[in-house]
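My questions will all concern the structure given below.
We call the chains A, B, C and D, going by the order they appear; numbering starts again at 1 in every chain.
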Amino acid sequence: MTKVLLLGRLRDVAGWRERSIDPAPATLSALRDLLTREDAALGEALAGRGVQAAVNKAVTRGDIALNPGDEIAFLPPMSGG
Amino acid sequence: MTKVLLLGRLRDVAGWRERSIDPAPATLSALRDLLTREDAALGEALAGRGVQAAVNKAVTRGDIALNPGDEIAFLPPMSGG
Amino acid sequence: MTVRVQTEAFDAGALLSRFSAGRTGSGAVVSFTGIARDVTGGAAVATLELDAYPGFTEPAIEAMETEARARFEMQDVLIVHRHGPIQPGEAIVFVATAAEHRRAAFEAADYLMDRLKTEAPFWKKETGPDGERWIEPREPDYQDAKRWNRTS
Amino acid sequence: MTVRVQTEAFDAGALLSRFSAGRTGSGAVVSFTGIARDVTGGAAVATLELDAYPGFTEPAIEAMETEARARFEMQDVLIVHRHGPIQPGEAIVFVATAAEHRRAAFEAADYLMDRLKTEAPFWKKETGPDGERWIEPREPDYQDAKRWNRTS
């Protein structure tokens, strides 16, 4: 199982904030592909400028292997406080 | 009558903070002379570096004629807030 | 670490009273309170909503606090930041710094606000009569934050 | 003019709460609280006493406020300054500034404190185990105050 979180405007694009995906995708790119197949608009937003992915609350770059139970968050450019 | 105020350390030098002098001296220098005759240590402190005189709450430079009822304050260098 | 990220409204004055109490060794306490405005950039704002990522947002702000403590001779610091829906006039963020001398207290508070305004992991949505809009830091915020690079 | 020179003790937090209340148009409130320390320059301080010249001290501070309002885009300011005997841990001075944006609020508070620290008509006596001493602004205070000449 993989927990997926959408922050900021991504939440509005998808219409959800948090969901679980089971079975867990093997990689971050597999997760992106899965989300994009389900919702092209979300897929486009996830590929947008400045959108970062965090795995278990640490920002990652590029592709990465996922383990069951990982929490993946997609972070649009931050607004600041 | 002239009202005389001593601020800050001048108060400690003279042992008083406020007094009235009657009749009113005609000038600021006459007031200084009078205070110095009475108390040499105060006279020296009044002539000290950075000590200013205010007449009716306005700082003055040099000598100035005084009118009865004037309030004269002697201000050592200010400490700030 | 004295960073709190919360949805509850707070009173900046009450935070300042508690922060200042018993400080016989600190000569200077500076506070900053950021308040939700009813108009931003000419547009009316009915509600501001800040999205936070719990467990991610706090450590990012704690890292700013650690850096501020390393840069400035501070004795104490408190950072309280709201998320969730916020009404105009309500406080969004409160930063207080205590130092022996006022220069460090001012600079540390100023520095922390510049960092928070540009880098704190929040996503901000303004809702007004014209609808909703997600907002990003303004250019002056980036310029403010850049000031600190010169002295590092 | 919102300058108060008083002998009564005050709570900085209570002043900040009242100053911030209902500010839907101000995004930024900065406060500075100056607190009497129990040690200054390595010497213990039992009591601080500030001598003021009523009727002279207030207008001098009001002139600083007027200049601050001319220099910075401030919406409001409050200055409260105590005189008379002050115990360690008690607040001596409180300055609050409100502005649309935080830079003006920070700079105005910083500016006012620099002016107050060097030019406000107070005479300050510290009493400790070593006796009494009248004090004058420290050299860093003059340096701080000079910073503002560059931008005028």
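To be clear about the criterion, contacts are C-beta pairs under 8 Å (C-beta built on N, C-alpha and C of every residue); 3 or more make two chains touch, one makes a residue touch a chain.
None of these values were measured; they are calculated from a predicted model.
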- Item | Identity of the chain that, by mean CA position, is farthest from chain D | A
- Query: In whole angstrom, how far does the Cα centroid of chain A sit from the Cα centroid of chain C?
  - Reply: 27
- Whole-Å distance, chain A centre to chain D centre, using C-alpha means? 50
- Query: Residue numbers in chain B touching 2 or more other chains?
  - Reply: none
- Got the chain D residues that touch at least 2 other chains? 34, 117
- Any two chains that touch count here, so list every such pair. A-C, B-D, C-D
- Touch list for chain A against partner chain C, complex: 5, 7-9, 11-12, 54, 57, 73, 75-81
- Task: Using the touch rule from the top, collect the residues of chain C that touch chain D in their complex.
- Result: 11-18, 20, 22-40, 88-89, 91, 100-103, 105-106, 109-110, 113, 117, 140, 144
- Task: Please name which positions on chain C make contact with chain A in the complex.
- Result: 34, 50-51, 53, 55-56, 59, 81, 92-93, 116-125, 132, 134-137, 141
